[in-house]
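In the part that follows, the structures are each spelled out as structure tokens.
Both complexes shown next keep chain A, but they swap its partner, so chain B is in the first and chain C is in the second.
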Partner chain A sequence: MSIIINNVHKSYSGSHVLKGINLTVNTGELLALLGPSGCGKTTLLRIIAGLEPPDEGEVLCNGLPAAGSSPQESRIGFVFQHYALFRHMSVFENIAFGLRAKPRAQRPSEAQIREKVEKLLELIQLEWIAKRLPSELSGGQRQRVALARVLAVDPSVLLLDEPFGALDAKVRQELRHWLRERHADLGVTTIFVTHDQEEAMEVSDRIVLIHDGKIEQTGSPDDLYNHPVNPFVCDFLGLVNMLPLHGKTLYLRPHEIALESAPLPETCPATITAIRTAGPMVQLELRADGHPVTVAMTHEQFAKGDFAIGKTAHLRPLLEREFG
Partner chain B sequence: MSRSLANSNASSQSAHRLAMGLGLTYMSLLVLMPIAGLLLRSIQLPPGEYLRVLQAPETMAAFRLSFGHAFLAALFNTVTGVPVAWVLARYAFPGKRLLDVWIDLPFALPTAVAGIALCTLYGPHGFLGAPLAKLGLKVAYTHWGVFIAMSFVSIPFVIRTVQPALLNLDPSQEEAAACLGASRLYCLRRVILPELLPSILTGFSMAFARDIGEYGSIIFIAGNIPGETEILPLRIVHALECYDYAGATVLAIAMMVASFLLLLLINLLQKRQTS
Partner chain C sequence: MNGNPSSSPLVMEPPWVRRALIAFACLHIGLLIVLPFASVLWQAFSHGLSTFSQLLATRDTRSAIALTLSIAAIAVPVNSLFGLLLAWGLTHLRFPGRRFLLTLLDLPFSISPVVAGLLFILIFGNNGYLGPFLRSHHLKVIFAFPGLLLVTLFVTMPFVAKELIPLMDDADHDEEEAARLLGGSWWRIFWKITFPNIKWGLLYGIVLCTARAMGEFGAVAVVSGSIRGRTNTLPLHIEALFQDGDLPAASAAASLLALLGIISLVSRGIAARLRKRSEALRLSAPSSTP
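The block that comes next holds the complex of A and B.
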């Protein structure tokens, strides 16, 4: 299902949370709504879900207005940040909820429900916890149960609010991977909200970066990382150095600066203040004309050069990125 | 390090003992001792006394009236109190704060005042009593009066236990149910009510207990005809007025045992619900 968002505005008690959002989500896409806390991304997701009406503008699902139709009519699956599992129901009953809630004429038989729930339990690799209550599950298990519960009603759009927010790092990593794979299998249009740029880049096909109620940039992870349209996007997507050079201000990532031992016309001198190994790269902290600068290089490059704390090196930008 | 940890453990253990000791002492002084005194008095009575008092038709009628109507009034309050709690928890309307305070009044009002007020309202010439009498329903000085008085004094118990539970409900659970295609009614039945059930049961049992023990407001409106509209507590008072201490003790014991067993049953039901 494709979704078109037309000039959506939303205010809460005087504060303007969304200021004219325009966005098209393509069928089968895996889209990330990325932004700092309080930027309005969750509100946008809730409006797409039909959980809240926009003050202005409209949301079209497959060309039809979603406004007025409640979530149950538009087949939208929403996974809540804290999962919102039904506490007094077993995992099995939680997943079966959407099937049992159907009006009598559309409701599948008990055998069909059982079959479907078992298939979903298999999909989330948790067949053995069907009888447990949500309180007896780990965070990662709850997340997967919440996803299975939503998938049971065959949604045409999947909306996930901070799906990995409450999980520890290792489980997060596993689930990200798992979500990507499930998306590849199922091909359901999926939108998820996150404040973690790494997560957005790793999981999604396309990122929508929102800041202060407005879209700053939309594009592939590569677009946003390598071709940001403004300083905010550049800074939000990863570490960036603001380097004043020959009257211009360049925005350069640590690996976009080379260190030379001798001055060249385009270089500027800097003093090394710290050196540390950061996984596959070596990171050097320098000071150039009072500005802190971080430079990253491979271990091989580091071994070739003659770098030590207190020594002077010359910064050479590998590309020219500036914002007018 | 380990030493100080052990020390703090020891001191927290003695704090536990102190708290437990204080709790049990208060409990004994305030609740257990009066009841133990009653029990002590009761075993000194000859068994014939029990039969004499309990087999009297007026006693049996009073038992039925007190427990039966307490049950009905508590049930009625549960059915009406849950929607009131819902409205107070979910909706904003002018005068809500006032209504919220109003609900606690039956807690504070002297029961005699409640009885007289109800009697005036439901009496043959009262604001509600007159039209009801025209319809052929006599409330004051009948068993309906008992029911009305009991309902009045115990309604806050249901509202005050269910309201906080409603406020604590996670709104995303209801949103999740709606997203999964559940109708409001289905959501109420399968998501909201099961979450509220423990507090509804608590409210019911508190209202029930209060109604069994209620005396002041009922005697003004019930008519107090022995065998018809006389409640158990009033029978006890009557026995005392006639210097029939043995009879009063027997009634008190019987009432206590019955109440205890019923409340125990509700408690067990609740345990099963929450686990």
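The block that comes next holds the complex of A and C.
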């Protein structure tokens, strides 16, 4: 299902949370709504789900207004940040809820419900927890049960609010991978909200970066990382150096600066203040004319050069990125 | 969660201070609660069970018990149902004046019961606003059953709602929203999601409401007119027996009322425990972990 968001505005008690959002989500896409806390991304997700009405503008699902249609018609699956599992029901009953809630004419038989829930439990690799209560599950298990619960009603859109936010790093990594695979299998249009740019880049096909109620940039992870349209996007997507050079201010990522041993026309001198290994790269901290600069290079490049703390190196920008 | 005071990290006082405080608490409760209560029971049973059988043999007493029970039988279900609806509305709907309504809900608790009784006299009494209308239709509210019921409804109105509002006011209603997006109808959401979360609180509210409905004196005294055998509730009947100087009978009637109180105290304890257990379940449930 495609979703078109037309000029959506929303205010809460005087503060303007969304200031005219325009966005088209294509069928089968895996889209990340990325932004700092309080930028309005969760509000936008809730408006798409129909949990809140927009003050202005509209949301069209497959060309039809989403507002006013029943959840069954719009078939939206929403996974809440804290999962919102029904605490008085077993995992089985949680997953079966959407099937049992269908109008009598469409409601599957008890045997069909059982079969479907068991298939979903298999999909989330948690067959043995069917009888447990949500309070007896770990965070990662709750997350997967919440996903299975919305998948039970065959949603045409999947909305996930900070899906990995409350999990520890290792589980988060596994679930990201799992979500990507499930998306590839099921092909359901998926929108997820996150404040973690790494997560957005790793999981999504396309990122929508929201800041202060407005969309700053929309594009592939590569677009946003390598071709940011403004300093905010550039800074939000990863570490960036602001380098004043020959009257211009360049925004360069650590690997976009080379270090030369001798001055060249386009270089500027800097003093090395720290050297550390950061996984596959070596990171050097320098000071150039009072500005801190971080440069990253491969271990191979590092071994070739003659770098030591206190020595002078010459910064050579590998590209010219500036914002007027 | 540890109920043992000696192990509480907040108590740093030396043992003798602790022992003195515990002794004081026991003495305080003993003098103010246990002693008077025991003396009522002692008075009641001083002539054996015969006082009770004589008391229950009188028409006035039986009528007072029947009146008290029938008022409670109507007031409690009505206030439970409306309390439930009120709590749902005040926690799920946002409208101007909501806070004001929440404050008004405390009114029956904060004003003196005598004033509550007078309010009804002012409305339904012979010289009240509706007095002429009622008289012309031969309807009797004050000094009759409807008046007793109305004041009881008034003074017991907030119990169920006050108990349920904090339980339902879970700031965000994630579980209910999740159920709605899964296609649940209003009724299914209420019955399967909301109700299991509030049922022990509801029971607790009903117990408190029942205890007050049966024990209310002040407001009822104003509108009753104390017609023996007709408009005397059990608390009013006790007062009447006492005024007659029949201390053993008054004590026996008082211990009957106290028995009802003890029953509700015990069920209150059970309801509170069940509520606490379901609250613990809620705290460990995923929706409230940060």
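A few notes on this one:
One rule holds in what follows: the second predicted complex is superposed on the first by the 321 of 324 C-alpha atoms of A that agree within 3 Å, B and C clash if a C-alpha of one lies under 4 Å from a C-alpha of the other, contacts with A are read in each partner's own complex, and residues count from 1 in each chain.
Going forward, contacts are C-beta pairs under 8 Å (C-beta built on N, C-alpha and C of every residue); 3 or more make two chains touch, one makes a residue touch a chain.
As the structure is a prediction and not an experimental result, all values here were calculated from the model.
The superposition on chain A brings chain B into a clash with chain C. Once chain A of one complex is fitted onto chain A of the other, the partner contacts of A:A278 are absent, as it touches neither chain B nor chain C.
Residue contacts after overlaying the shared chain place A:H82 against chain B and chain C alike. In the superposition on chain A, A:G98 makes contact with both chain B and chain C. Of the two partner chains placed by the overlay, only chain C lies in contact with A:S135; chain B stays clear of it. Look at A:R149: by the touch rule set out above, it reaches both chain B and chain C.
In the superposed model, A:A303 lies in contact with neither chain B nor chain C.
In the superposed model, C is the one of chain B and chain C that contacts more residues of chain A. Legend: residue contacts after superposition of the two complexes on their common chain; A:L51 is shown touching both chain B and chain C. Shared interface residues of chain A (contacting chain B in one complex, chain C in the other): 49, 51, 70-72, 76-78, 80, 82, 84-88, 97-98, 101-102, 149-150, 153. Across the interface of their complex, chain A is touched by residues 174-175, 177-185, 188, 192-193, 196-197, 281-282, 284-290 of chain C. Only residues 49, 51, 70-72, 76-78, 80, 82, 84-88, 97-98, 100-102, 149-150, 152-153 of chain A touch chain B when the two sit together in their complex.
By the touch criterion stated above, chain A contacts chain C in their complex at residues 49-51, 70-72, 76-78, 80, 82-89, 97-98, 101-102, 133-135, 137, 139, 142, 149-150, 153, 166.
The part of chain B that touches chain A in the complex is made up of residues 170, 172-173, 175-183, 186, 190-191, 194-195.
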